[in-house]
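Shared between the two complexes below is subunit A, which has subunit B as its partner in the first and subunit C in the second.
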Partner chain A sequence: MTARQRLWFFAIAAAGLVACLLWAFTGLPGFGNYPGPYGQEILRQAVAQTHATGVVSAINFEYRGFDTVGEEFILFTAAAGMSVVLRRLRKERQTEPVDEAKTRTIPATSSAVRIAALLLVGPTAVLGWWLASHAQTSPSGGFQGGVILASAFILIYLAGEFLTFRRLSPVALLDAVEAAGAGGFVAIGLAAIAMNLPFLDNYLPLGQYPGAISSSGTIALISFFVGIEVAAAFTAIIGELLEQTLLRSA
Partner chain B sequence: MISAGLMNTLQVTVLVLVAAGATVVVRTRSRIRQVLALSVYGMLLAILFLVFQAPDVTLSELTVGAIALPIILLLAIAKVRKREQ
Partner chain C sequence: MGIVPFLVVAWIIVAGLYGIVTSRDLIHTIVCLIVVQSSTYVLLLGVGYVTGGAAPYFWDIPVGTRAVDPVVQALALTDVVVEAAVTALLLAFAVQAQKRFGTLDPSQLAEFKG
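Entry: the complex of A and B
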């Protein structure tokens, strides 16, 4: 097939695709129009039913809590898979980095970066913790809070060095926290079954009024467990990768 | 309240910015620069979700697209580079 023939072939196929797409677009509901019944129904009932003003969290950890358990274990499995794939092999050993291009000058981490990173560690940790523990009253939740909490550890790496990062986040502790987070979520669900309720049923007191930090029963608790699971998983993944850059095959 | 007209202008502006950002990411050939472009693109996507009134997705996109993914990619590049030497 010559280049010219190929171009014709592409032109006809592309024209056909554009025509089909345009035809399909005409059948879509209007921009910003949601025709399904569930959205409106949940908006009407969620706050009264769950006492959570963060309706997204109410949906994630209550109405579709079972799906969220599955999603939780996607990350758990990813972190576990990463530790298996990136485990230290017998022929690998950790060596001091050797400068192989001696004429090259490596710029040292500037004091500006170190100080800025150090100053951000505290606020980042607080923000992550706040987001993970306020799922019931704001559009946040354990997932977002957990990742931000993990990035506080990455800032420690930026501000200091790898050893400090490792000392503050030992692998055994990360694994334990990750397992506790994922297991806690499932345990909350199973406790409902033990009480003769459906899996993940909200059996804790909902609190006096919606929007209070102590409201929403199991929703806030699940978000907390998701938060520590995600924070540990992400810190473990980043730590694993950082370690990889220090390893070399012997 | 922000008027509907202004909201539409905002939405169109952000959509155009996201399209431009995606093009920049694809057109960047240097690996490190591509990761940085990807990080900025994640930020743009986060703004898009905010403008379309999904603050929860904004937070997720911000943490994953602008922070976690670029860091993981940068570390992978550092590892590969070491092997190339």
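Entry: the complex of A and C
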């Protein structure tokens, strides 16, 4: 099929798709008129029930907690799948990063980039921790915090310090942290069963008033475990991709 | 105004699909798939919007204030996580395709069947 034929084929299919989409959209209740009773009911109940002022976190780690276990394991599986797909193949060997084209002149990473990246490492890590540990109060949580925490490590790489990045995030440690994060979430859920409660039931004290850092019981704890799992998974994924530059086929 | 957010959804889907169909590079294909998927965020948040609603966070507003639907927002979060996982795996496959066939052009990759 030539490129032109393919484009015509796509144009016809896309026109059909758009027609179907528009037809479907006309059946929706219309922008701003969401009719679902479930969300509104949660809005009424959540703060009193969970002492979490962040209702989205309350849904993720409490009402839909079981779904979020699956969601977390999607990421866990992706990181594992990535190391399987990118494993060292036969005939591949790992080389230390040596300059193989010595005549080539590479402009050094500018001091401005290095300093900016290294200066951002600390604040980024703090922001990530803050987000991962404040799921109960504000628009934050383990997933968002974890990703930002991982980007603190990637900033080290951006500063031109690949070897430091590798030293700070060794595979064995990342795997252990990832496993602890994913396992911690499930362990919190199983502990409820051990107490004759439903899986992932919120059995910790809810704190004195909604919005306190110590409020919301298991929601905050689960968010913390999700945070370290996500941070480790993303650092491992980026690390896997960066490692590829060190593989040579013999 | 009522239908505009949904028109945006349709536009993002088709723009992303156009990118996938005409793509000459697997990395570009993956980015286009991300574009297609981002239409679902707009759709979810558009569906759950309540006119005049605040964000569903009752830290500085009293409980009972009119707020947008929090369930679809939680779903959007799941959506983002799935997208990140899919992207990571696809990028790994792109690395392997480059290694094995020495090219990332889908039209040339088709010739390497078997």
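The rule is simple: the second predicted complex is superposed on the first by the 213 of 250 C-alpha atoms of A that agree within 3 Å, B and C clash if a C-alpha of one lies under 4 Å from a C-alpha of the other, contacts with A are read in each partner's own complex, and residues count from 1 in each chain.
Basically, a contact is a pair of C-beta atoms (placed from the backbone, for glycine too) under 8 Å apart; a residue touches a chain by one contact, two chains touch by 3 or more.
Note that the structure is predicted; figures quoted are calculated from it, not measured.
By the touch criterion defined above, A:R167 lies against neither subunit B nor subunit C after alignment on the C-alpha atoms of chain A. Looking at the shared chain after the overlay, A:F143 reaches both subunit B and subunit C.
Annotation for subunit A, partner touching more residues between subunit B and subunit C: C.
By the document's definition of touching, of the two partners only subunit B reaches A:L242; subunit C does not.
Once the two complexes are laid over each other on the shared chain, residue contacts for A:R88 go to neither subunit B nor subunit C.
Look at A:L43: by the touch rule set out above, it reaches subunit C but stays clear of subunit B.
When the two complexes are overlaid on their common chain A, residue A:L131 makes contact with subunit B while staying clear of subunit C.
Once the two complexes are laid over each other on the shared chain, residue contacts for A:V56 go to subunit B and to subunit C alike. Comparing the two interfaces of subunit A, the one with subunit B and the one with subunit C have residues 56, 139, 141, 143, 147, 234, 237, 241, 244 in common.
Within the complex formed with subunit A, the subunit C residues making contact are 1-7, 9-10, 13-14, 17-18, 21-22, 46-52, 55-59, 63-64, 67-74, 77-78, 80-82, 84-86, 88-89, 91-93, 95-96, 99. Of all residues in subunit B, those touching subunit A in their complex are 55-56, 59-60, 62-64, 67-68, 71-72, 75-76, 78-79, 82, 85.
Contact residues on subunit A toward subunit B in their complex (touch as defined above): 56-57, 100, 131, 139-141, 143-144, 147-148, 150-151, 154, 234, 237-238, 241-242, 244-245, 248.
Of all the residues in subunit A, the ones that touch subunit C in their complex are 3, 6-7, 10, 14, 17-18, 21-22, 25-26, 28, 30-34, 36, 38-40, 42-44, 46-48, 53-56, 58-60, 64, 67-68, 71-72, 74-75, 77-79, 81-82, 85-86, 89, 137-139, 141, 143, 147, 210-211, 234, 237, 240-241, 244, 249.
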